[in-house]
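Handing you this structure, nothing more for now.
Which chain is which? They are A, B, C and D, in the order written, and residues in each are numbered from 1.
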Amino acid sequence: MSRTRLEAFSDGVFAVAITLLALDLAVAGPGHGPLLRQLADHWPSFVAYLISFSTIGIIWVNHHALIADLAVVDRALLYLNLVLLLFVVVIPFATATMAEYLTLGGQDARVAMALYAAALAGLGLSFGGIFEWTLRPGRRQRPVPERARWTARLRFGIGSILYLAAIPVAFLSPPVALTVIGAVAVYYIFERTPALGPRADDQRE
Amino acid sequence: MSRTRLEAFSDGVFAVAITLLALDLAVAGPGHGPLLRQLADHWPSFVAYLISFSTIGIIWVNHHALIADLAVVDRALLYLNLVLLLFVVVIPFATATMAEYLTLGGQDARVAMALYAAALAGLGLSFGGIFEWTLRPGRRQRPVPERARWTARLRFGIGSILYLAAIPVAFLSPPVALTVIGAVAVYYIFERTPALGPRADDQRE
Amino acid sequence: MSRTRLEAFSDGVFAVAITLLALDLAVAGPGHGPLLRQLADHWPSFVAYLISFSTIGIIWVNHHALIADLAVVDRALLYLNLVLLLFVVVIPFATATMAEYLTLGGQDARVAMALYAAALAGLGLSFGGIFEWTLRPGRRQRPVPERARWTARLRFGIGSILYLAAIPVAFLSPPVALTVIGAVAVYYIFERTPALGPRADDQRE
Amino acid sequence: MSRTRLEAFSDGVFAVAITLLALDLAVAGPGHGPLLRQLADHWPSFVAYLISFSTIGIIWVNHHALIADLAVVDRALLYLNLVLLLFVVVIPFATATMAEYLTLGGQDARVAMALYAAALAGLGLSFGGIFEWTLRPGRRQRPVPERARWTARLRFGIGSILYLAAIPVAFLSPPVALTVIGAVAVYYIFERTPALGPRADDQRE
């Protein structure tokens, strides 16, 4: 399998999933009260859209950085990548469910938030699995030095740890769990650790 | 990040968003009156489809012209591009909401039209942000001469200004705001200012 | 604009539209009678899916043959191509509406079939517009000889003529119009006129 | 038709279909009982999602292996590929219908499972058709030796045979049929027969 086609298929799934996120923004329509009130009551959907869009966007940016440097693409990687995509595809469902139940409070809001955190944890862990695969000898065009590996593992792993932590937190307080999840997105947008040598994404064409 | 993958992912999002626009054309179906009347009453959806399809199409054409000449793709550009895509993805939602409320009149029609104008303003402004990024030294293969910059800024900025203006106009008269928005699409289709030197999109292969 | 990105975006739209066609296959679900009866009553959706899938598939195959040989991609072509895609995107809506109303008979069935034929005529005519554009001097890598042009025009035009004819026919008899539309798809699948010199799609890599 | 565009279009359809699978995960929403119970009652959708996602993923992996080695792409292959995609696109519909009716039992559950098995059998058989096409002289860059052909035919054919067998089995016992279908996915994930010479997907870049 060429790297190109792995990227093309993954980009397609990322693109469709990120676009489907917006389907949940739709309000109930005429006959359900003033539009302004409907939009205002709908705020969890907008917040959820922003967080999930950012998260999938970040995963896409980092996915590229991982793939761009590969020297080999084997069947194990293809299946690891499919596991990642399986969670990408689940995100619109988990996002919509979380947004629908968030303001209802009670046990349902807790379950919905835990489901959302679990989907994101699955995303983070499967991304980590691909990263570990790329660390094996001969897999990358430029091997990652031993010390840089741990920096990178921490860098990629911190998200998964926080997503996993957000699952029990969701049962104590859904808003706190959502704040943690949103903070992870903000962290990755501004994170600048040069973890993998010269940054693949800053290179000139 | 290679320019190629940035384009592939963006094209995927553009393609999905532009196709989802048509989902809103669906009529209520059998049992809701004669089909011809349903289609006729549904005219705002068809007008909205035409305007939004054209607008996303134009952004796609110009997006290419911007990206094709880049000498460097860095993380800042990736995130600017994600902001643009965030608004692209919101367009089908804003279009559907506007079309649903337009003929109802009253405050709801005004809010729906202002929402639509705001989504388009977000699209225009984030496009402008990417354009400003490409003007910095070293970012383009062929730098844009100082004088041409202002022509190009005006060319790209006129849309954003009119979209922003359409927000307050929507509260005075939704149809006038819609006319302004439609006029912007027509303007960009026929606009031929050679703003960026030899037009990237007229070049031979 | 490179040919590559024109193809990538068009392929994306074709792929999403062709996949959305299947959304209309969904039956009403539990509580609406035996599944077997629901599926049987739903036969117009399956027929419509087959015809529309084939039609979009054929347009995609021929779209490639047109694009593959281009020497130049200009802004006019981009907008002609957007008009084609505008009709591609409309096909799932027109297909679903036609399938829903076909077995109800009466005026609604006629309107729905005419709408379907009109959408396909728009598809055929915009494809013909792109073809005419490619015939102008310098547009193709291998110019089409004068005599072959008329063969090709006939080849591409026969579909549009039959789709246009199907619009009034739909008001006389929706099933006859549907048969004509289905026959066009069958014709293009087996049509082998070597209209454009050595067939682009038979070439070796 | 270049191999590249055949791949791009197919990848687009695979990507959209695999993402649409997740639309069926949505629960009924607030007012339909505790979320946890809704999710629990919804288990067939999750199982169906896993199986269908894996199956489309496997077909995508093997589709690449088939296409990557082609020396020629002709019109017959394009139409064979469209038949394959026709079934890919049907999978989300068949999956959703199966999941909805599975736990209801009775004749409807049997019909729904048979429909699912039939869609998968169509997928397997059309894939087998493409494989046979590639075996003809001159079609591949590296011809498949006579003995390896039968190994490969068996390898690709076992899925189709089991899917076909699952159709009558569905009328005896839907759960058994589902188990057979799930087992096929597991088989293909771990199957390692070097059927087509040096594995295309293990090659270095």
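What we mean here is this: a residue touches a chain if its C-beta (ideal position, glycine included) is under 8 Å from a C-beta of that chain, and two chains touch if they have at least 3 such contacts.
Treat the numbers as computed from the prediction; the structure is a model and nothing was measured.
Participant: At the place where copies chain A and chain B touch, is the share of residue numbers found on both sides over half (same) or under half (different)?
Facilitator: different
Participant: What chain is the most remote from chain A, judged by the mean position of CA atoms in each chain?
Facilitator: Looking at centroid distances, C is the chain farthest away.
Participant: Distance-wise, how many Å sit between the C-alpha centres of chain A and chain C, to the nearest whole number?
Facilitator: Centre separation, chain A to chain C: 37 Å.
Participant: How big is the gap, in whole Å, between where the Cα atoms of chain A centre and where those of chain D centre?
Facilitator: So the centre of chain A lies 26 Å away from the centre of chain D.
Participant: Please list all residues of chain D that touch 2 or more other chains.
Facilitator: Residues 8, 12, 15-16, 20.
Participant: In the complex, go through chain D and note every residue touching chain C.
Facilitator: Chain D residues touching chain C: 1-3, 5, 8-9, 12-13, 15-17, 20, 70-75, 78-79, 82, 85-86, 89-90, 92-93, 96-97, 100-101, 104, 107-108, 111-112, 115.
Participant: So in the complex, the part of chain D that touches chain A is made up of which residues?
Facilitator: Residues of chain D touching chain A: 7-8, 11-12, 14-16, 18-23, 25-27, 29-30, 34-36, 39, 50, 53-54, 57, 60-61, 64-65, 68, 189, 199-202, 204-205.
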